[in-house]
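First chain A sits with chain B, and in the next complex the same chain sits with chain C.
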Partner chain A sequence: MKKAATKFVSVYWFVILFLVAGGIYSMVYIFYSHPFDVRALEAKTLAYKIADCISWKGEINLKIFNKSGDFQRDFDLLKECGINFNVEDEYGWDKQEQYFANASFYGVFDIATNHELSDKNGKIGELKAGNSRLFDDCQTYGEKYKYVAKCFNKRFYAVTKSGRQILIEIFTAVRKTEKNVK
Partner chain B sequence: MLNKRADIGETITWVIATVVVVVILLLSLYASGLVAKYKKLSASEGKVDTGNSLIILGKWSTMQIFSSDLFLNKTELALKINKNYKQEILNWIKEKNE
Partner chain C sequence: MRKNKKAGILIENVMFIILNLVFLSLLMVFLLMQGSGIIVLEQSYAKQIALMIDSARPGETIFLNMDDAFKKAEKNLGDNRIVQIKGNIVTVKLSEKSGYSYSFFNTPPNSYYAVSIQDAEHLTSKGYFFNFLKNEKSSN
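Presenting the complex of A and B:
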């Protein structure tokens, strides 16, 4: 009888041991299976990269506004800024681009004449790259919209070589939901 | 009879101990789920908030990039070249960046 009890206690200890070990394993698994959402940081980094490509030490890239201050529409944002959007082809991302970048250029002169800057009159031009459908995703906020793209939007000021004052608005969006949200 | 009572008492102790272990494990599992859900990267500061600790990303230079406003620096440099309509320019920038 005593022998049977000792055997039972040993089994019981093993069960508890496995239970605790399984619990610790589950805790670690639960914690690390939730991915960090780096999309906002990625969108910000992308915007920084584009801003550096557009303006350096306060002056706009000569390939965007030439010596006489004319906007160059054929400027290739990706090629000239050394950006590659097709880096991952998991989850069918090669068919649907996961990034969007836009740089809009406005003339300062329009402020002086009280023109609405968002108006077409104030806009000199814009440079785009990537999936423009991601732009709409960024008009939504809140927890239930965490599966849509994360965006970053900033404005700054720069001057062309010819001295023309330009206002620049940069907008970037990163989707990659499958890897960042669970 | 006395021996039987002692056995029952001991069994109850073991059962309660098992229940306590299971409850503590379940609570820990739930807590790790909650912490995992709210761990996040702070895009404005270049820091990782793991829920219970804060990790600074990369070296100091990387940290500086994320903590300083690169766009504001660019504007300040451009204003040194041409500061006409300075207030209007700053107002336009502020409109979006705030």
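Presenting the complex of A and C:
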């Protein structure tokens, strides 16, 4: 009995136990110490919210293109869409906005005049809100910029009340790096 | 002599199996404790609620099952009010010393709709109701 016990409960046995336990502990610690990264979902949700605000059932908001089809530059994206870019006062976030949203409008096909406009060149206008520097972060590739911001791009077509066909491109970016990436 | 040797081998094997089982069960307990730890729960619920509010529309009611969080809070906090929403920041607090806050952007102006929380005590699982109330004065 004594022989068997000393054979298994030996120093080597404990060394192996500690090595295995240490390995599992460090793996679990590394896994759970990383925060859940929800920025991609946030950027997507923000883009869909803006899309719903700009166009509902395929028709563009009258406050953006009025009845005669003119683009309204003074449309307040945040106020009109019920969006608030304020964030918690941590990591100096109060000094640097953590969100960016941009909606660009391109003329595609004018039903009224039967005049077709070129896709990208027919830019009518754009609406912006938030920290525009985040746009550059998403255009820069490389290991260093990988964690800076998460972005989402969405394109869709809608029609104005006057029958003007518009291509809408929505770009959103969420930073919040400190709470989502380690 | 041969009988003693056989008994020795049996004891060796039994001890080996028992030690392995003890070791594995301790590891399992550790893993489960890590996964349901206060810090992990606070962060995951705060972010979950923030995303839920972001994607919600006026008039919607969402129930979030927070059974595990309530159990932790009862043990450590002794209070049921574990979710707080101030402005556009949601805070989940499961113990005196901890707490996790996360902001959401879907905060309509005063004239649009509001968010309110209710305890769901009549349900078997404990959680929170998130009511996105439509304001009658709303123009939308």
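Odds and ends about this structure:
Note that the second predicted complex is superposed on the first by the 135 of 182 C-alpha atoms of A that agree within 3 Å, B and C clash if a C-alpha of one lies under 4 Å from a C-alpha of the other, contacts with A are read in each partner's own complex, and residues count from 1 in each chain.
Rule of thumb we're sticking to: contacts are C-beta pairs under 8 Å (C-beta built on N, C-alpha and C of every residue); 3 or more make two chains touch, one makes a residue touch a chain.
Since we're looking at a predicted model, the values are computed, not measured.
Residue contacts after overlaying the shared chain place A:Ile83 against chain C, while chain B stays out of touching range. With both structures placed on the common chain, the touch criterion links A:Ser26 to chain B but leaves chain C unconnected. Of the two partner chains placed by the overlay, neither chain B nor chain C lies in contact with A:Val181. Residue contacts after overlaying the shared chain place A:Val38 against chain B and chain C alike. When the shared chain is aligned, chain C comes close enough to touch A:Leu17, but chain B does not.
Chain A residues 20, 28, 32, 36, 38, 41, 48 lie at the interface with chain B in one structure and with chain C in the other. By the touch rule above, chain C contacts chain A in their complex via residues 8, 11-12, 15-16, 19, 23, 26-27, 30-31, 34-35, 37, 40, 43-44, 47, 50-51, 54-55, 87-89, 101-103, 105-109, 112. By the touch rule above, chain A contacts chain C in their complex via residues 1, 3-5, 7-9, 13, 17, 20-21, 24-25, 28-29, 32, 35-36, 38, 41-42, 45-46, 48-49, 79, 82-88, 90, 99, 179.
Every residue of chain A that touches chain B in the complex is listed here, in rising order: 12, 16, 19-20, 23, 26-28, 30-34, 36-38, 40-41, 43-44, 48, 51-52, 55, 57-59, 108, 111-112, 117, 152-159, 163, 165, 167, 169-170.
Chain B makes touch with chain A in their complex at residues 14, 18, 21-22, 25, 28-29, 32-33, 35-37, 39-41, 43, 46, 48, 65-66, 70-72, 74-75, 77-82, 84-85, 88-89, 92-93, 95-97.
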